[in-house]
């Protein structure tokens, strides 16, 4: 597309790509502007968890919709499964305090009509993960959860969007947006672009765009680290988390084990760079060995980082701009946006096309921090 | 385990590292010299402290020169940690290393990275088979273990190191089955164009001609203009096939030693995100430095082949410069201007443009055909990389994310240059624009237990 | 103990170096010089392949001898993925290559 567009999307991570795809399906002409390359940061640097387990109450309807309507049907939607494996997700309880918290949560969810997480006891945990340490007393289990391959999902959405005519411009950082008459303008080093609608999916940099649309938010960019081991003989199918300490890990088909789970590191958002600092990882390494003692001699093959946007209440901003018309925001996913991204694209498309969302998004209002 | 802050940490105990440590120590600095090998010498002077008369005769006087450096390092009482694997270097100059199974975190006011060179990748069909090694490996086995090929080997490739190894084997009484020279043959027009440089570097030229004389005198079969090189075999190397001057050849052989030059070993400087530039003459990435060897990161210097291939004597001089620079920067002792060292470096480097052109590895052997493995660790072929480029992956980090190319244990050391050039050719972009892998810690494997031990 | 003819042999005039140790390689004792790397010792003892590639299963052997290719990975005293070219042989050291490891174990993996 060389000419005009109906929608400008800032940011080519998964929120932006799925939005582009869903808008294009509805016949909108979409132009997406990405500063580096698609999926460079949070979308490419996450553990790939397709997780409804352990979410904030407000996110659960979205997470369940994403899982049931989209993740399990990605092949039909995009022509690629994105490597999605419905391995189930298990959050282990290591002691009585963990178990109590887990049972309270199940009760809370049921009170809200959600039954997707269930308590499993020590015996059942061992059936699910035979090699786990004997000290684990049980866990919370979501059997239709799983994991996918972040970069493959990014590419699947990108190619699908491009097939529908979406114009994706990489290495095209948006320096500034402004309203000009009835249009939004995005200024980049390679030219200025205009469209009636603006979608802000700029990840760790979205707060800058939001400030420019008149919607300041207290979002902080932060660094996230992941590490992956060399290959190990198969020992775990489900994705694992722990109730009492931050951890997310999974073993891929090729035997490598990915270790993540909100591993924070320093980030220089202006330089778009977060250095890997392995000296922040001893606790995570210890957690893994505590749960699986046989992994102590497994080597870390590599670690990597990206920059994510964090909200003080740890839930994202999803919704229309409050100050100016024809803006939609979807950012601040605080290290757990991967699983939500397919449905976020649908919500963004609904907001543009109809001005409202089928799924409840009140909790994610952009102006919820205003005094 | 935490350590007191050092004035200088030198990573790499080859000629550049040893010279840097010595120069700094002579100015009264507190220096720590680290290396993963069990003793000083790097690769060029490997095992110089435990060698014997027989090996010295075979290896020649250039090798023996390393003894003086090694002796000087010992005599100066420089703190030396052998068997130490550096896994992370921070921009604030803290070095994280594993030594004897325990982690050490050492702060320093300055760093000299002297990690030297490694063999340029030589991706040909069959290059991953057992029985295929680098010529450098052959030389290391000779230096380190007094080992030579049991049955006549085939040496293939180009460059002075290949001929040196051949000559050393011949001196050792070891028969060579054939030398397959992939260079274009002596280019006399080139020689004339570089006549002044050749005269300036006559010592090197005479040495090179002398090696070729030794090889010719021994009657070793010498095939020139070699193309379509492939190594055949089921579980191990069994034969080498190639064409030379239009004729097809096949030589049964169980040991093939490959070499097409050496390139800087840049893992540390890339991991620091120091600035690098693509050198089209050397066909590799080189850290961008000032006249003292300081990188784009203040207080972090490179010296030796890691700063660009110049050979052992240049490495020593660059090490000296870096050591002097650090002492100057810390205000220690009388300031030196380094001009004498720079003048000698220029002299030694005069021959390089000629060597780089004469022994420029052919495109076929740097940018291989589709079915050739580029990433040995993950078995990713050149064709697979090209397919990803066609899907819109425009750089090595994207092809890495998609195909695992570069994600194996060697962390891109054996495939990085090839991938940059394959993508450059496929996109039509110059290598400088394509870029290189994002290199991150751990630079050497660290187990979960070691990581957990802090 | 070598199932193949070694690819490398000592120089003619080298006496067995006094500084040798006995290393267990796949259960069999091998005398090695302490001054040469474990990888060199394995090659001299006729070990031609040390592991299987975890991707396609082909046999792999030492390639660079200087720690940058990561082909020479062996188990040493129960710890996997040790670069043999950087290991100094010690008396009683237990080394395992693909010949004594199960297929899944030798692939740079372990159970």
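Order of writing sets the chain letters: A, B and C. Residues in each chain are counted from 1.
Rule of thumb we're sticking to: a residue touches a chain if its C-beta (ideal position, glycine included) is under 8 Å from a C-beta of that chain, and two chains touch if they have at least 3 such contacts.
As the structure is a prediction and not an experimental result, all values here were calculated from the model.
Peer 1: Using the mean of all protein Cα atoms as the middle point, what chain has its own Cα mean nearest that point?
Peer 2: Closest to the centre of all protein C-alpha atoms: chain B.
Peer 1: Quick one: name the chains whose C-beta contact count is the highest of any pair.
Peer 2: Top-ranked chain pair by contacting C-beta pairs: B-C.
Peer 1: Using mean CA coordinates as chain centres, what's the chain A-chain B distance in Å?
Peer 2: 41
Peer 1: Using mean CA coordinates as chain centres, what's the gap between chain B and chain C in Å?
Peer 2: Averaging C-alpha atoms per chain gives centres 23 Å apart.
Peer 1: State, to the nearest whole Å, the distance from the C-alpha centre of chain A to the C-alpha centre of chain C.
Peer 2: 45
Peer 1: Residues of chain A touching 2+ other chains?
Peer 2: 230, 254, 297-299
Peer 1: Indicate the residues of chain B shared as contacts by at least two other chains.
Peer 2: Within chain B, the residues that touch at least two other chains are 408-409, 445, 447.
Peer 1: Got the chain C residues that touch at least 2 other chains?
Peer 2: 55, 79, 81, 108 - these are the residues of chain C that touch more than one other chain.
Peer 1: Along chain A, where are the residues that touch chain C in the complex?
Peer 2: 230-233, 235, 254-255, 294, 297-299
Peer 1: In the complex formed with chain A, which residues of chain C make contact?
Peer 2: Chain C reaches chain A through residues 54-55, 78-81, 104-105, 107-111.
Peer 1: What residues of chain C sit close enough to touch chain B in their complex?
Peer 2: Interface residues on chain C, with respect to chain B: 4-14, 33, 35-37, 40-41, 43-44, 48-49, 53, 55-56, 58-71, 73, 79, 81, 86, 88, 108.
Peer 1: How about chain B: which of its residues touch chain A in the complex?
Peer 2: 87-88, 90-91, 96, 105, 273, 391-392, 394-395, 398, 401-402, 404, 407-409, 411, 438, 440-442, 445-449, 451-454
Peer 1: Where on chain A does chain B make contact in their complex?
Peer 2: Going through chain A, the ones touching chain B are 37, 39, 44, 151-152, 155, 158-159, 170, 228-230, 254, 273, 275-279, 281-282, 285-286, 288-289, 295-305.
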